[in-house]
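Here chain A shows up in two complexes: once beside chain B, once beside chain C.
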Partner chain A sequence: MITIIISILIALGILVFAFLWQTTLSGITRKIVGRYQKRYGPRFYQNFRDIFKALSKRGITHGWVYSFGVIMAVGGIMATVMFLPLFGIVPFPGVDNFFIYVYLFAVGMLGMAMSAVGSGNPLAGIGVMRALTQMVGYEVPFMIVVLAMIYGHGTSSLSELAAIQQTSGFLSWNLVKMPIGTIVGFICLLGMLGKKPFETFIAPAEIASGPMVEYGGKQLGMLMIMHELATFIEISLFVNLFLGGATPIVFGETTVLVGLSSVVGFLLKYSIVYIVSALISNALGRFKIDQVIKYFYKVPIVLAIIQALIVVFLGWGV
Partner chain B sequence: MSKKERAVAKRKKKWDGISNFFRANSIWMLMYCTGCCAIELPQAMTSKYDMERLGMGPMATPRQADVILVTGYLSVKTLRRVIYAYEQMGEPKYLVAFGPCTINGGIYYDAHPVIKSLDQYLPIDVYIAGCMPKPEAVMNGFQDLIDMIKRKEANGWRKYQENKEWYRENQIHALGELRIKDEFHE
Partner chain C sequence: MGISIGVGTIIVGLLISAVLAYVLTKINKTTGAWVTVLAPFLALAAVFLLRDSIGTTYSLFFLEFELTEYGWFFSMIMLLVFACVSFFNVYWMKKMVHPAAYNMLYLLALTGTLGAFMAKDFIGLFIFWEMIVWSSMFIIPFGKSRKASVVYYAFSALGSLAMLYGIFYLYNAFGSFNIQEVLKLAATDTTAALVAFITIGIAGMVKLGVFPFHLWLPRAHGNAPDTFSPILSGGLVKAGGFAVFLIAVVMPSYEAFATQLQFMGVSITSYIFILFGAVSIVVGTLMAIKQDDFKKLIAYSSVANAGYIIIGLAMTDALSVGGAFMHIFAHALASAAAFLAVAAVSHRTGTTKMSELGGLIHRMPLTYLVYLIAIISMAGIPPMAGFISKWMLFQSMIDNGMVFVATAAFFGSIGSFLYVFRPLSAVFLGQLSPKHYKVKKAPVLMMIPMIILSGLTVLFGIFPNIVLRIVSRIQTSVGMEGLQFDGTKIIGSNGSLDPTLIVVIFGIGFMIALVIFLLHPKSRKVELMDTYTASEFIYTPELLHYSHSFYAPFERLYKNAPDTSKWYKAILKKVSEIGGFVSYAFFSSKPRIVVFWIVIAMVALLWGGSV
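What follows is the complex of A and B.
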């Protein structure tokens, strides 16, 4: 009983940390992007202001499917974050299989899709259709790479996959062992985050921000919280799968120091991945939806199959 | 007013004070760019004046926006759309009017399809002077709006709620008919 309570407390701690960290980081990234465009940029806590302002506004509803779908979206994503291992701490030991995240994540996404379609706006319908089409595009190459990795390492537990990469320093990262797979993973990460070459389903100037077109006030605030948490899940998965998770940057005898430096190492990798993806997003234009699918089924899928063949038949990267 | 009502009002006032801090520092705009004043907005938004440092940003739809910018003259046809957009926005909502065309018609003072005075039809929080207003004036106007929200003086949306019959009468007088409805659920 006590272990379950401790697990739930750890999970709630991870949830709060994920929200605070990702919201702060996206504020800092807005500042960096501002400097990138020769602007001054907003305060680093601007995203908190935006979220709390949206929550303080008066919301409207388009029926119970619309309202319930938002709660389902936020709840599904919050549940996914609570299962996520952070800094090598697993909240529910034994329940950190990679496929849990894939399926729980889909609950949140489908909740949002249901709610957006329930609003009845045709632009929301187009946005949801594009988001699901794009999902078909990036899921296939990503899954091929991850399944090859699971085959190679012989485990599908996320914390074990991260621990395997921490055995012999930098050289045991999947970035070094499976470089082609890491490239595929990063391209698919851009697709998951909805960053700019693959921003088709948001497209503010084209379909008026797609699924979000009818949201305002409280529902929009909840969806912004959901967006920050979903970003946290996606980037954490990438860092844990390809960049070795929470690797220490200081080596030595002191356990506390090594532990703290592994926290710093994880957050550093996380920040670099997020900021690089934001900079790429601000340097590129937007694909059309058919170009997105053609691209994903042409370049990343071929690279993913090559990587899978290398892992399965040559045994490199195991 | 009973004791309970006074307590509720006091609590509401306190909550409004907290949320006005967030509202003042995070203003999302809906740009209704029909007139020529709209050409000053890109400079106010990009690297020269950088509106984002005040927490302002463009939004795609009326539902998401806090402030609607009416940039210049309004014909009868566009007034209808502005009213529909304004009705769709979530409260609290603000309206910023650019140039003399929204005050008295400006250079269109004798044009028959152009409405002369916008505040007969919708409540206006801030006017920005100039034909067209320079980007400095635009930024100054937004700073004024932020200060007004902080001082709880940007009450156009409350005025609109309280005097809805009067506004509606004027709107119908200008437009003939006005159908405020939920187009997606009928």
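What follows is the complex of A and C.
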């Protein structure tokens, strides 16, 4: 009993860290993107301001499902974050299996979709349709690559998959062992994050932000929190699966220093992945939804299957 | 000791109650319908009490029954579905053309399934199997279409004949009809095992609706009476799983085909079955996404889910068979609940077309919740029972390195989010059409079974080990390795799952979200029509409801995909051409044909004479 309470407390700690870290990084990235577009850009804590402003305003509701869906969405995503290992700390050892993240994440997504369509706005319906369609696109190749990884390493535990990559430095990263898979993973990550060219379901100019069209007040604030946490899950998954998770950047005898440097190492990789995806997003245009599906079922899925066949039949990358 | 309840007593009791239901319905419709409610409940209680006497043999006239672990499990699922659905019969009596016949056939179908699951010999299995086919064949035309019944019977006949051939082949080879005995003998003889595997496998695949035998399923499920669709999807289809289980696991196929070419950890024969399962997942998913009819959509989703079941059974390792059993159980509960939700909607609105509905959550909130729980389970999302089974199946697929099968399974799993969300969005959410302003809540009696089914889905999603321990016993009873547990954890081959913990953590997440929600200012309630419309003035709710061809951009991508029904139409055309020729040549009263045959006969005679 006491261990489970400690585990839950650790998980809550990870939750708080995830929110603070990703919201700050989003702010910093907005600044970087601003400079990239020759603007000054907002302050790095702008996202906190946005969230707390939205939460404090008096908004509207379109019925009970509109609010219930938001609570379900935030609850589902928070639960998913609480299962995530962070810097090698695993809140629930042994049960941090990859499929939990995919499917528990889906609870949150379902909640949000339900709430959005419950608002009665057809644009929200179109947005949800696009989001689900896009999901069929990116999720399948991503899962195939992870299948290859689980088959190769013999474990589906996210922390163990990360730990395996920390055995012999940079060369044991899946980035090196499964390069094709990593490319697929990154393309799918762009799809998950809804970054351009896969920004179909937000598309502010086309469908008025899609699912988000009706939101205001605390519902909007909560969905912004959810968005930050969802981004944290997606990027953490990518870093843990392909980039070796929390690898130290300083090597040596002092465990404290190595431990701290592994924290820095994780955050550094995390920031690079996020900022690069944001920059790519700002350099590209938007696909149409059928183009997204066609693309995912032409390039990434073929690459993913090739990668999986290489691992399964040739045994490379194990 | 008083009356000892045995399998024979239950079967006879159900047969008597079927006749009773017929007679009573003739006198008073509602009384007759109540018989169909009471009989499955009594049988459920009786079979539940028989738990301790598993392994006992019972005889009834010339038929022999044996209560096995798996027979008991399948019977419980079936009785649960029948008992829950039967509440709806009471409301449908007025709408039925032949209520008395319906009630009788309903109970006969139940008798058939129980008999088939508990039969000791193949003859009993075949008799009761046919009883399922015939009773459901007569019930289906009580719904919307007679043709659906013809299609159903054509496929069922194929399955039944294949099975009969297999049974006689095995009898010829081993001189016995006893299921256990013959299958154990067949396992030592590769040819006999192959024949049994294919023939009985086809019977199972037809019943499950696995590609390429899936065409009857959407037709029958979509057109059957609203009260019978949940029985078909949640119950009778699962009998196919039983047939596949017999030949794949009871035989067992991994021993029989040990000398065959092994591919991805299974024999090539099993792998072909698995591939059919994979194709039906993809076909079922793509077709379900396209449907506009609520019932047909769930019917196609049953095709996809049958794919998972057959894959799990054919892989024959502890996790996959466990997963298949859990999937049979979870899908029976979920699809029955979803079909009952459709029935409730159809009862109140008179339609199952999704594009004609909308916003019903504001009128039927509990039905909405029932449907929501059912689809969460169908899509394999925690904390529902469907997640557990999918997780177990994925583990097995990854373990065997089945890349292509897993691709299909992942596609089906993510694709299921699409098709299950469509009715949620089009029927329950969105704008409420003015013609449905006066729609009332589903009646209380309808709510009872729906809530029972939803409750069980949630319960076994949180504590799946209750079911999985029974499954584990089934596995050891047929000589397999059982599933492994550690408290609430299920031990997989490359990781463990703790469903109870997931629910606890989800609960914590939900509570935090709820606290954030409650701490902030209360929202102002606005009307549904008061939405952002880019400054256009729209006053017609239907125009603001996005439901027609929901996934149009996605559907466009596979609109030219090959259609299986065309192959069958081509076969049909050829068969009718041959039939036309036969009837023209042999059954004609035209003089020229008669003269032709006389000439042929004379030529033949003269020829014979000249030699």
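We adopt the following convention: the second predicted complex is superposed on the first by the 318 of 318 C-alpha atoms of A that agree within 3 Å, B and C clash if a C-alpha of one lies under 4 Å from a C-alpha of the other, contacts with A are read in each partner's own complex, and residues count from 1 in each chain.
Convention: a contact is a pair of C-beta atoms (placed from the backbone, for glycine too) under 8 Å apart; a residue touches a chain by one contact, two chains touch by 3 or more.
In this text, all values refer to a predicted model and were calculated from it rather than measured experimentally.
Look at A:Gly217: by the touch rule set out above, it reaches both chain B and chain C.
Once the two complexes are laid over each other on the shared chain, residue contacts for A:Val95 go to chain C alone; chain B is not touched. Once chain A of one complex is fitted onto chain A of the other, the partner contacts of A:Lys298 are absent, as it touches neither chain B nor chain C. When the shared chain is aligned, chain C comes close enough to touch A:Leu104, but chain B does not. In the overlay built on the shared chain, the residue A:Gly75 is in contact with chain C alone; chain B does not reach it. Residue contacts after overlaying the shared chain place A:Arg43 against chain B, while chain C stays out of touching range. The partner that reaches more residues of chain A, of the two candidates chain B and chain C, is C.
Of the two partner chains, chain B is the only one that A:Phe52 touches; chain C does not reach it. In the superposition on chain A, the residues of chain A contacted by chain B and by chain C overlap at 56-60, 62-63, 119-121, 208, 213-214, 217. Chain A contributes residues 30, 34, 37-43, 46, 49-50, 52-53, 56-60, 62-63, 119-121, 204-205, 208-209, 212-217, 220 to its touches with chain B in the complex. Interface of chain B with chain A (complex): residues 18-19, 22-23, 25-26, 28, 46-47, 50, 52-53, 55, 58-66, 89-92, 182, 184-185.
Contact residues on chain C toward chain A in their complex (touch as defined above): 359, 361-362, 365, 368, 372, 376, 379-382, 387, 390-391, 394-395, 397-399, 401, 403-404, 406-407, 410-411, 414-415, 417-418, 421, 424-425, 429-431, 489, 492, 494-498, 501-502, 505-506, 508-514, 516-517, 520-526, 528-534, 544-547, 550-551, 553-554, 556-557. Interface residues of chain A, counted against chain C in their complex, comprise 8, 11-12, 15, 55-65, 67, 70-79, 82-83, 92, 94-95, 97-100, 103-104, 106-107, 110, 113-114, 117-123, 125-126, 128-130, 132-133, 135-136, 139-140, 143-144, 147-148, 150-151, 154-157, 208, 213-214, 217-219, 221-222, 225, 288-290, 293-294, 301, 305, 308-309, 312.
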